[in-house]
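Have a look at this one.
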Amino acid sequence: MPIVTVQVTREGTTPGRNSVSAEEKAAIIKGVSEVLLNVLHKPLESTYVVIEEVDLDNWGWGGLPTAQYRTLRAAAAKS
Amino acid sequence: MPIVTVQVTREGTTPGRNSVSAEEKAAIIKGVSEVLLNVLHKPLESTYVVIEEVDLDNWGWGGLPTAQYRTLRAAAAKS
Amino acid sequence: MPIVTVQVTREGTTPGRNSVSAEEKAAIIKGVSEVLLNVLHKPLESTYVVIEEVDLDNWGWGGLPTAQYRTLRAAAAKS
Amino acid sequence: MPIVTVQVTREGTTPGRNSVSAEEKAAIIKGVSEVLLNVLHKPLESTYVVIEEVDLDNWGWGGLPTAQYRTLRAAAAKS
Amino acid sequence: MPIVTVQVTREGTTPGRNSVSAEEKAAIIKGVSEVLLNVLHKPLESTYVVIEEVDLDNWGWGGLPTAQYRTLRAAAAKS
Amino acid sequence: MPIVTVQVTREGTTPGRNSVSAEEKAAIIKGVSEVLLNVLHKPLESTYVVIEEVDLDNWGWGGLPTAQYRTLRAAAAKS
(Lines give C-alpha, C1' and ligand atoms only; values in the text may rest on other atoms or scores of the structure.)
Protein backbone atom coordinates (compact mmCIF):
# COMPACT_ATOMS: atom_id res chain seq x y z
CA MET A 1 0.00 0.00 0.00
CA PRO A 2 2.89 2.37 -0.54
CA ILE A 3 2.66 6.03 -1.43
CA VAL A 4 5.65 7.44 -3.29
CA THR A 5 5.97 11.21 -3.64
CA VAL A 6 8.50 12.48 -6.17
CA GLN A 7 9.39 16.18 -5.99
CA VAL A 8 11.44 17.59 -8.86
CA THR A 9 12.13 21.01 -10.24
CA ARG A 10 9.88 22.05 -13.12
CA GLU A 11 12.33 22.13 -16.02
CA GLY A 12 13.05 20.19 -19.17
CA THR A 13 15.76 17.61 -19.80
CA THR A 14 16.50 18.97 -23.28
CA PRO A 15 16.83 22.52 -24.68
CA GLY A 16 13.51 24.11 -25.57
CA ARG A 17 11.48 22.19 -23.01
CA ASN A 18 10.59 23.62 -19.63
CA SER A 19 8.83 20.82 -17.83
CA VAL A 20 8.95 17.10 -17.31
CA SER A 21 7.28 15.36 -20.28
CA ALA A 22 4.34 12.97 -20.02
CA GLU A 23 6.61 10.14 -21.18
CA GLU A 24 9.14 10.90 -18.47
CA LYS A 25 6.40 11.02 -15.85
CA ALA A 26 5.11 7.63 -17.02
CA ALA A 27 8.64 6.22 -16.80
CA ILE A 28 9.09 7.54 -13.26
CA ILE A 29 5.73 6.05 -12.19
CA LYS A 30 6.61 2.68 -13.74
CA GLY A 31 10.13 2.68 -12.31
CA VAL A 32 9.38 3.50 -8.70
CA SER A 33 6.32 1.22 -8.61
CA GLU A 34 8.50 -1.66 -9.79
CA VAL A 35 11.06 -0.94 -7.08
CA LEU A 36 8.35 -1.44 -4.45
CA LEU A 37 7.17 -4.59 -6.22
CA ASN A 38 10.65 -6.07 -6.43
CA VAL A 39 11.91 -5.12 -2.98
CA LEU A 40 8.82 -5.36 -0.77
CA HIS A 41 6.52 -7.48 -3.00
CA LYS A 42 3.90 -4.74 -3.08
CA PRO A 43 1.49 -5.36 -5.97
CA LEU A 44 1.57 -2.56 -8.57
CA GLU A 45 -2.13 -1.81 -8.05
CA SER A 46 -1.60 -0.95 -4.38
CA THR A 47 1.04 1.73 -5.02
CA TYR A 48 0.15 5.39 -5.54
CA VAL A 49 2.76 7.71 -7.03
CA VAL A 50 2.41 11.48 -6.84
CA ILE A 51 4.77 13.70 -8.86
CA GLU A 52 5.13 17.29 -7.68
CA GLU A 53 6.86 19.73 -10.01
CA VAL A 54 8.33 22.68 -8.14
CA ASP A 55 9.16 26.00 -9.84
CA LEU A 56 12.87 26.83 -9.75
CA ASP A 57 12.13 29.99 -7.71
CA ASN A 58 10.46 27.82 -5.07
CA TRP A 59 13.34 25.40 -4.59
CA GLY A 60 16.22 26.47 -2.41
CA TRP A 61 19.67 24.94 -2.21
CA GLY A 62 22.79 26.28 -0.52
CA GLY A 63 20.70 29.05 1.05
CA LEU A 64 19.80 30.42 -2.40
CA PRO A 65 17.16 29.92 -5.09
CA THR A 66 18.35 27.00 -7.21
CA ALA A 67 19.18 28.98 -10.34
CA GLN A 68 21.50 31.28 -8.39
CA TYR A 69 23.14 28.39 -6.56
CA ARG A 70 23.83 26.59 -9.84
CA THR A 71 25.42 29.72 -11.31
CA LEU A 72 27.61 30.02 -8.23
CA ARG A 73 28.72 26.41 -8.40
CA ALA A 74 29.43 26.56 -12.10
CA ALA A 75 31.58 29.66 -11.53
CA ALA A 76 33.42 27.97 -8.66
CA ALA A 77 34.07 24.89 -10.80
CA LYS A 78 35.75 27.04 -13.45
CA SER A 79 37.96 29.03 -11.13
CA MET B 1 -3.71 21.64 16.34
CA PRO B 2 -4.18 19.20 13.52
CA ILE B 3 -3.07 19.63 9.94
CA VAL B 4 -5.07 17.70 7.36
CA THR B 5 -3.69 17.41 3.84
CA VAL B 6 -6.09 16.17 1.16
CA GLN B 7 -4.56 15.13 -2.16
CA VAL B 8 -6.97 14.49 -5.02
CA THR B 9 -6.72 14.34 -8.78
CA ARG B 10 -7.59 17.58 -10.57
CA GLU B 11 -10.81 16.61 -12.32
CA GLY B 12 -14.50 17.42 -12.14
CA THR B 13 -17.28 15.37 -10.60
CA THR B 14 -19.67 16.15 -13.46
CA PRO B 15 -19.21 16.32 -17.26
CA GLY B 16 -17.86 19.64 -18.47
CA ARG B 17 -15.93 20.40 -15.31
CA ASN B 18 -12.23 19.71 -14.93
CA SER B 19 -11.45 20.61 -11.38
CA VAL B 20 -12.84 20.43 -7.89
CA SER B 21 -15.32 23.29 -7.39
CA ALA B 22 -15.06 25.92 -4.65
CA GLU B 23 -18.23 24.49 -3.06
CA GLU B 24 -16.74 21.00 -2.98
CA LYS B 25 -13.54 22.33 -1.45
CA ALA B 26 -15.53 24.14 1.24
CA ALA B 27 -17.45 20.91 1.97
CA ILE B 28 -14.21 18.94 2.29
CA ILE B 29 -12.73 21.55 4.65
CA LYS B 30 -15.89 21.56 6.78
CA GLY B 31 -16.18 17.78 6.79
CA VAL B 32 -12.65 16.85 7.80
CA SER B 33 -12.43 19.66 10.39
CA GLU B 34 -15.61 18.33 12.02
CA VAL B 35 -14.16 14.82 12.13
CA LEU B 36 -11.24 16.13 14.19
CA LEU B 37 -13.64 18.10 16.40
CA ASN B 38 -15.90 15.11 17.01
CA VAL B 39 -13.25 12.43 17.48
CA LEU B 40 -10.39 14.28 19.20
CA HIS B 41 -12.24 17.39 20.49
CA LYS B 42 -9.94 19.67 18.49
CA PRO B 43 -11.53 23.14 18.19
CA LEU B 44 -12.29 24.07 14.56
CA GLU B 45 -10.04 27.14 14.75
CA SER B 46 -6.97 25.04 15.53
CA THR B 47 -7.26 22.83 12.42
CA TYR B 48 -5.59 23.71 9.13
CA VAL B 49 -6.70 21.91 5.98
CA VAL B 50 -4.64 21.99 2.79
CA ILE B 51 -6.13 20.65 -0.44
CA GLU B 52 -3.65 19.66 -3.15
CA GLU B 53 -5.03 19.02 -6.63
CA VAL B 54 -2.75 16.77 -8.66
CA ASP B 55 -2.85 16.62 -12.47
CA LEU B 56 -3.88 13.21 -13.81
CA ASP B 57 -0.49 12.87 -15.55
CA ASN B 58 1.23 13.32 -12.21
CA TRP B 59 -0.69 10.61 -10.36
CA GLY B 60 0.38 7.02 -10.84
CA TRP B 61 -1.57 3.88 -10.00
CA GLY B 62 -0.86 0.29 -10.98
CA GLY B 63 2.50 1.37 -12.37
CA LEU B 64 0.81 3.66 -14.92
CA PRO B 65 -0.47 7.22 -15.21
CA THR B 66 -4.00 7.16 -13.77
CA ALA B 67 -5.86 7.70 -17.04
CA GLN B 68 -4.16 4.67 -18.61
CA TYR B 69 -4.76 2.53 -15.55
CA ARG B 70 -8.45 3.40 -15.50
CA THR B 71 -8.78 2.47 -19.18
CA LEU B 72 -7.09 -0.84 -18.46
CA ARG B 73 -9.35 -1.62 -15.54
CA ALA B 74 -12.47 -0.66 -17.43
CA ALA B 75 -11.44 -2.98 -20.28
CA ALA B 76 -10.69 -5.80 -17.83
CA ALA B 77 -14.06 -5.33 -16.14
CA LYS B 78 -15.86 -5.78 -19.47
CA SER B 79 -13.95 -8.84 -20.61
CA MET C 1 -7.87 8.06 -5.48
CA PRO C 2 -7.40 10.51 -2.64
CA ILE C 3 -4.67 10.48 -0.03
CA VAL C 4 -5.53 12.11 3.27
CA THR C 5 -2.73 12.83 5.73
CA VAL C 6 -3.78 13.72 9.28
CA GLN C 7 -1.10 15.18 11.53
CA VAL C 8 -1.93 15.49 15.22
CA THR C 9 0.03 15.87 18.42
CA ARG C 10 0.74 12.62 20.24
CA GLU C 11 -1.38 13.03 23.37
CA GLY C 12 -4.47 11.53 24.89
CA THR C 13 -8.00 12.95 24.96
CA THR C 14 -8.55 11.85 28.58
CA PRO C 15 -6.32 11.95 31.70
CA GLY C 16 -3.94 9.02 31.96
CA ARG C 17 -3.64 8.48 28.23
CA ASN C 18 -0.77 9.87 26.18
CA SER C 19 -1.61 8.95 22.63
CA VAL C 20 -4.52 8.70 20.22
CA SER C 21 -6.35 5.39 20.82
CA ALA C 22 -6.91 2.74 18.17
CA GLU C 23 -10.66 3.46 18.32
CA GLU C 24 -10.08 7.17 17.72
CA LYS C 25 -7.78 6.38 14.79
CA ALA C 26 -10.43 4.11 13.29
CA ALA C 27 -13.02 6.86 13.71
CA ILE C 28 -10.78 9.41 11.99
CA ILE C 29 -10.13 7.02 9.09
CA LYS C 30 -13.84 6.29 8.70
CA GLY C 31 -14.82 9.95 9.00
CA VAL C 32 -12.45 11.49 6.50
CA SER C 33 -12.93 8.64 3.99
CA GLU C 34 -16.69 9.27 4.11
CA VAL C 35 -16.16 12.99 3.50
CA LEU C 36 -14.38 12.14 0.23
CA LEU C 37 -17.11 9.67 -0.66
CA ASN C 38 -19.90 12.13 0.02
CA VAL C 39 -18.36 15.23 -1.53
CA LEU C 40 -16.37 13.90 -4.48
CA HIS C 41 -17.96 10.43 -4.90
CA LYS C 42 -14.61 8.72 -4.32
CA PRO C 43 -15.17 5.04 -3.46
CA LEU C 44 -13.95 4.15 0.04
CA GLU C 45 -11.53 1.56 -1.33
CA SER C 46 -9.66 4.15 -3.37
CA THR C 47 -8.85 6.42 -0.40
CA TYR C 48 -5.69 6.03 1.67
CA VAL C 49 -5.50 7.74 5.05
CA VAL C 50 -2.20 8.22 6.87
CA ILE C 51 -2.21 9.41 10.50
CA GLU C 52 1.00 10.98 11.75
CA GLU C 53 1.36 11.50 15.49
CA VAL C 54 3.85 14.23 16.32
CA ASP C 55 5.53 14.54 19.73
CA LEU C 56 4.63 17.76 21.56
CA ASP C 57 8.30 18.83 21.52
CA ASN C 58 8.29 18.56 17.73
CA TRP C 59 5.26 20.76 17.12
CA GLY C 60 5.72 24.49 17.21
CA TRP C 61 3.06 27.17 17.55
CA GLY C 62 3.44 30.86 18.26
CA GLY C 63 7.19 30.52 17.84
CA LEU C 64 7.39 28.10 20.78
CA PRO C 65 7.10 24.37 21.47
CA THR C 66 3.38 23.67 21.88
CA ALA C 67 3.42 22.95 25.61
CA GLN C 68 5.05 26.32 26.33
CA TYR C 69 2.68 28.16 24.00
CA ARG C 70 -0.36 26.61 25.69
CA THR C 71 0.93 27.63 29.13
CA LEU C 72 1.41 31.17 27.86
CA ARG C 73 -2.09 31.36 26.39
CA ALA C 74 -3.67 29.91 29.50
CA ALA C 75 -1.88 32.52 31.62
CA ALA C 76 -2.95 35.30 29.26
CA ALA C 77 -6.56 34.10 29.35
CA LYS C 78 -6.61 34.39 33.14
CA SER C 79 -5.07 37.82 33.40
CA MET D 1 20.80 17.03 5.10
CA PRO D 2 17.62 18.78 6.12
CA ILE D 3 14.57 19.31 3.97
CA VAL D 4 12.42 22.30 4.88
CA THR D 5 8.97 22.61 3.34
CA VAL D 6 7.25 25.97 3.67
CA GLN D 7 3.54 26.09 2.85
CA VAL D 8 1.96 29.52 2.58
CA THR D 9 -1.16 30.93 1.01
CA ARG D 10 -0.70 32.36 -2.46
CA GLU D 11 -1.26 36.05 -1.85
CA GLY D 12 0.75 39.26 -1.84
CA THR D 13 2.10 41.20 1.11
CA THR D 14 1.21 44.55 -0.43
CA PRO D 15 -1.87 45.81 -2.36
CA GLY D 16 -1.81 44.96 -6.03
CA ARG D 17 0.25 41.80 -5.65
CA ASN D 18 -1.28 38.36 -5.47
CA SER D 19 1.63 36.07 -4.84
CA VAL D 20 4.84 35.82 -2.91
CA SER D 21 7.59 37.71 -4.77
CA ALA D 22 10.87 36.18 -5.93
CA GLU D 23 12.71 38.39 -3.43
CA GLU D 24 10.54 37.16 -0.57
CA LYS D 25 11.09 33.56 -1.63
CA ALA D 26 14.85 34.11 -1.68
CA ALA D 27 14.67 35.65 1.80
CA ILE D 28 12.69 32.67 3.13
CA ILE D 29 15.19 30.23 1.62
CA LYS D 30 18.14 32.14 3.09
CA GLY D 31 16.48 32.54 6.47
CA VAL D 32 15.42 28.96 7.13
CA SER D 33 18.68 27.54 5.76
CA GLU D 34 20.61 29.74 8.19
CA VAL D 35 18.46 28.52 11.09
CA LEU D 36 19.53 24.95 10.33
CA LEU D 37 23.16 26.08 10.00
CA ASN D 38 23.12 27.97 13.28
CA VAL D 39 21.17 25.48 15.39
CA LEU D 40 22.24 22.10 14.02
CA HIS D 41 25.46 23.06 12.18
CA LYS D 42 24.05 21.78 8.88
CA PRO D 43 26.09 23.21 5.97
CA LEU D 44 23.99 25.42 3.69
CA GLU D 45 24.68 23.19 0.68
CA SER D 46 23.08 20.19 2.34
CA THR D 47 19.71 21.87 2.98
CA TYR D 48 16.87 21.76 0.45
CA VAL D 49 13.99 24.21 0.84
CA VAL D 50 10.69 23.72 -0.99
CA ILE D 51 8.11 26.53 -0.97
CA GLU D 52 4.53 25.51 -1.72
CA GLU D 53 2.04 28.28 -2.47
CA VAL D 54 -1.52 27.21 -1.77
CA ASP D 55 -4.54 28.97 -3.30
CA LEU D 56 -6.77 30.60 -0.70
CA ASP D 57 -9.67 28.33 -1.76
CA ASN D 58 -7.53 25.31 -0.98
CA TRP D 59 -6.58 26.33 2.55
CA GLY D 60 -9.07 25.74 5.31
CA TRP D 61 -9.12 27.24 8.77
CA GLY D 62 -11.86 27.18 11.40
CA GLY D 63 -13.78 24.70 9.25
CA LEU D 64 -14.06 27.25 6.42
CA PRO D 65 -12.09 28.41 3.38
CA THR D 66 -9.57 30.95 4.66
CA ALA D 67 -11.14 34.03 3.08
CA GLN D 68 -14.48 33.29 4.75
CA TYR D 69 -12.85 32.58 8.09
CA ARG D 70 -10.94 35.85 8.00
CA THR D 71 -14.13 37.79 7.24
CA LEU D 72 -15.81 36.09 10.18
CA ARG D 73 -12.96 36.89 12.55
CA ALA D 74 -12.76 40.49 11.41
CA ALA D 75 -16.49 40.88 12.02
CA ALA D 76 -16.19 39.25 15.45
CA ALA D 77 -13.30 41.56 16.36
CA LYS D 78 -15.44 44.61 15.61
CA SER D 79 -18.52 43.54 17.51
CA MET E 1 17.66 17.80 -6.98
CA PRO E 2 14.79 15.44 -6.42
CA ILE E 3 13.27 14.44 -3.11
CA VAL E 4 11.56 11.05 -3.05
CA THR E 5 9.38 10.17 -0.07
CA VAL E 6 8.38 6.53 0.29
CA GLN E 7 5.59 5.75 2.76
CA VAL E 8 5.01 2.10 3.58
CA THR E 9 3.34 0.19 6.38
CA ARG E 10 5.66 -0.94 9.16
CA GLU E 11 5.58 -4.71 8.69
CA GLY E 12 7.91 -7.47 7.58
CA THR E 13 8.04 -9.25 4.23
CA THR E 14 8.61 -12.64 5.86
CA PRO E 15 7.09 -14.35 8.93
CA GLY E 16 8.72 -13.35 12.19
CA ARG E 17 9.75 -9.90 11.01
CA ASN E 18 7.71 -6.79 11.77
CA SER E 19 9.48 -4.02 9.95
CA VAL E 20 11.30 -3.25 6.73
CA SER E 21 14.89 -4.50 6.99
CA ALA E 22 17.97 -2.33 6.53
CA GLU E 23 18.79 -4.26 3.34
CA GLU E 24 15.33 -3.60 1.92
CA LYS E 25 15.62 0.08 2.75
CA ALA E 26 19.00 0.25 1.01
CA ALA E 27 17.48 -1.45 -2.04
CA ILE E 28 14.58 1.02 -2.15
CA ILE E 29 16.98 3.97 -1.86
CA LYS E 30 19.19 2.58 -4.64
CA GLY E 31 16.25 1.71 -6.87
CA VAL E 32 14.34 4.97 -6.78
CA SER E 33 17.52 7.06 -7.03
CA GLU E 34 18.44 5.16 -10.19
CA VAL E 35 14.99 5.80 -11.67
CA LEU E 36 15.61 9.54 -11.34
CA LEU E 37 19.09 9.15 -12.80
CA ASN E 38 17.87 7.12 -15.77
CA VAL E 39 14.72 9.09 -16.58
CA LEU E 40 15.65 12.69 -15.73
CA HIS E 41 19.48 12.44 -15.67
CA LYS E 42 19.59 13.59 -12.05
CA PRO E 43 22.97 12.72 -10.52
CA LEU E 44 22.66 10.25 -7.62
CA GLU E 45 24.26 12.70 -5.20
CA SER E 46 21.52 15.27 -5.75
CA THR E 47 18.64 12.95 -4.80
CA TYR E 48 17.37 12.64 -1.23
CA VAL E 49 15.18 9.67 -0.33
CA VAL E 50 13.12 9.61 2.86
CA ILE E 51 11.42 6.37 3.94
CA GLU E 52 8.51 6.72 6.33
CA GLU E 53 7.24 3.57 8.02
CA VAL E 54 3.64 3.91 9.17
CA ASP E 55 2.10 1.68 11.86
CA LEU E 56 -0.75 -0.48 10.56
CA ASP E 57 -3.18 1.25 12.95
CA ASN E 58 -2.28 4.59 11.41
CA TRP E 59 -2.94 3.59 7.79
CA GLY E 60 -6.50 3.58 6.56
CA TRP E 61 -7.90 1.90 3.46
CA GLY E 62 -11.48 1.32 2.49
CA GLY E 63 -12.60 3.49 5.40
CA LEU E 64 -11.01 1.08 7.90
CA PRO E 65 -7.66 0.48 9.58
CA THR E 66 -5.62 -1.60 7.13
CA ALA E 67 -5.64 -4.84 9.13
CA GLN E 68 -9.46 -4.84 9.26
CA TYR E 69 -9.76 -3.98 5.59
CA ARG E 70 -7.44 -6.84 4.61
CA THR E 71 -9.47 -9.30 6.70
CA LEU E 72 -12.63 -8.09 4.99
CA ARG E 73 -11.15 -8.44 1.51
CA ALA E 74 -9.76 -11.89 2.25
CA ALA E 75 -13.18 -13.02 3.47
CA ALA E 76 -14.87 -11.53 0.38
CA ALA E 77 -12.39 -13.26 -1.91
CA LYS E 78 -13.29 -16.63 -0.39
CA SER E 79 -17.03 -16.25 -0.53
CA MET F 1 -1.05 30.79 8.19
CA PRO F 2 2.13 29.05 7.21
CA ILE F 3 3.05 25.46 7.92
CA VAL F 4 6.77 24.73 8.07
CA THR F 5 7.93 21.11 8.05
CA VAL F 6 11.54 20.46 9.00
CA GLN F 7 12.93 17.01 8.24
CA VAL F 8 16.30 16.16 9.74
CA THR F 9 18.21 12.99 10.47
CA ARG F 10 17.82 11.70 14.01
CA GLU F 11 21.32 12.22 15.38
CA GLY F 12 23.05 14.40 17.91
CA THR F 13 25.21 17.48 17.33
CA THR F 14 27.73 16.48 19.96
CA PRO F 15 29.35 13.13 20.88
CA GLY F 16 27.22 11.00 23.17
CA ARG F 17 23.90 12.36 21.93
CA ASN F 18 21.81 10.61 19.32
CA SER F 19 18.92 12.92 18.71
CA VAL F 20 18.05 16.57 18.37
CA SER F 21 17.71 18.10 21.86
CA ALA F 22 14.59 19.87 23.13
CA GLU F 23 16.56 23.14 23.22
CA GLU F 24 17.59 22.73 19.58
CA LYS F 25 14.00 21.98 18.59
CA ALA F 26 12.82 25.10 20.38
CA ALA F 27 15.50 27.14 18.59
CA ILE F 28 14.44 25.76 15.19
CA ILE F 29 10.77 26.53 15.92
CA LYS F 30 11.62 30.08 17.03
CA GLY F 31 13.97 30.67 14.11
CA VAL F 32 11.77 29.57 11.24
CA SER F 33 8.66 31.21 12.72
CA GLU F 34 10.55 34.50 12.88
CA VAL F 35 11.61 34.15 9.24
CA LEU F 36 7.95 34.00 8.25
CA LEU F 37 7.16 36.95 10.51
CA ASN F 38 9.99 39.07 9.12
CA VAL F 39 9.61 38.23 5.44
CA LEU F 40 5.85 37.76 4.97
CA HIS F 41 4.54 39.53 8.10
CA LYS F 42 2.85 36.32 9.30
CA PRO F 43 2.01 36.62 13.02
CA LEU F 44 3.86 34.02 15.12
CA GLU F 45 0.58 32.54 16.39
CA SER F 46 -0.53 31.63 12.88
CA THR F 47 2.53 29.52 12.04
CA TYR F 48 2.71 25.81 12.75
CA VAL F 49 6.10 24.09 12.70
CA VAL F 50 6.42 20.31 12.53
CA ILE F 51 9.83 18.70 13.07
CA GLU F 52 10.26 15.19 11.69
CA GLU F 53 13.31 13.23 12.81
CA VAL F 54 14.25 10.52 10.33
CA ASP F 55 16.40 7.51 11.28
CA LEU F 56 19.72 7.41 9.41
CA ASP F 57 18.72 4.08 7.81
CA ASN F 58 15.63 5.73 6.37
CA TRP F 59 17.40 8.64 4.71
CA GLY F 60 19.06 8.03 1.37
CA TRP F 61 21.65 10.17 -0.36
CA GLY F 62 23.79 9.38 -3.37
CA GLY F 63 21.79 6.20 -3.91
CA LEU F 64 22.89 4.85 -0.51
CA PRO F 65 21.80 4.97 3.12
CA THR F 66 23.27 8.17 4.56
CA ALA F 67 25.85 6.55 6.83
CA GLN F 68 27.35 4.63 3.90
CA TYR F 69 27.34 7.69 1.67
CA ARG F 70 29.14 9.76 4.30
CA THR F 71 31.83 7.08 4.69
CA LEU F 72 32.29 7.05 0.93
CA ARG F 73 32.62 10.82 0.71
CA ALA F 74 35.02 10.98 3.63
CA ALA F 75 37.21 8.33 1.96
CA ALA F 76 37.08 10.20 -1.36
CA ALA F 77 38.04 13.47 0.34
CA LYS F 78 41.18 11.85 1.78
CA SER F 79 42.36 10.21 -1.39
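Order of writing sets the chain letters: A, B, C, D, E and F. Residues in each chain are counted from 1.
Here is the rule we use: contacts are C-beta pairs under 8 Å (C-beta built on N, C-alpha and C of every residue); 3 or more make two chains touch, one makes a residue touch a chain.
The UniProt protein names, listed by chain, are A, B, C, D, E, F = 4-oxalocrotonate tautomerase.
The model shown is predicted, which means the values in this text are computed figures rather than measured ones.
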{"item": "Smallest count of steps, each to a touching chain, taking subunit C to subunit E", "value": "1"}
{"item": "Copies subunit B and subunit A - interface residue numbers shared by over half, same or different", "value": "different"}
{"item": "Selected pair, out of A-C, B-C or E-F, that shares over half of its residue contact pairs with C-E", "value": "E-F"}
{"item": "Subunit C-subunit F separation of Cα centroids, rounded to whole Å", "value": "23"}
{"item": "Chain centre separation (subunit B, subunit F; CA means) in Å", "value": "30"}
{"item": "For subunit D paired with subunit F, centre-to-centre distance based on mean C-alpha positions, whole Å", "value": "18"}
{"item": "Interface hub residues of subunit E, defined as touching at least two other chains", "value": "1, 3-4, 7, 28, 32, 34, 48, 50, 59, 61"}
{"item": "Pairs of chains in contact (touch as defined earlier), listed by label", "value": "A-B, A-C, A-D, A-E, B-C, B-D, B-F, C-E, C-F, D-E, D-F, E-F"}
{"item": "Residues of subunit F defined as touching subunit E within the complex", "value": "7, 54, 57-65, 68"}
{"item": "Subunit A-facing residues of subunit C, complex", "value": "1, 3, 48, 50"}
{"item": "Contacting residues of subunit A [partner subunit E, same complex]", "value": "1-9, 13, 20, 24, 27-28, 31-32, 34-36, 38-42, 59, 61, 66"}
{"item": "Contacting residues of subunit D [partner subunit A, same complex]", "value": "22, 25-26, 28-30, 32-34, 37, 44-45, 47-53"}
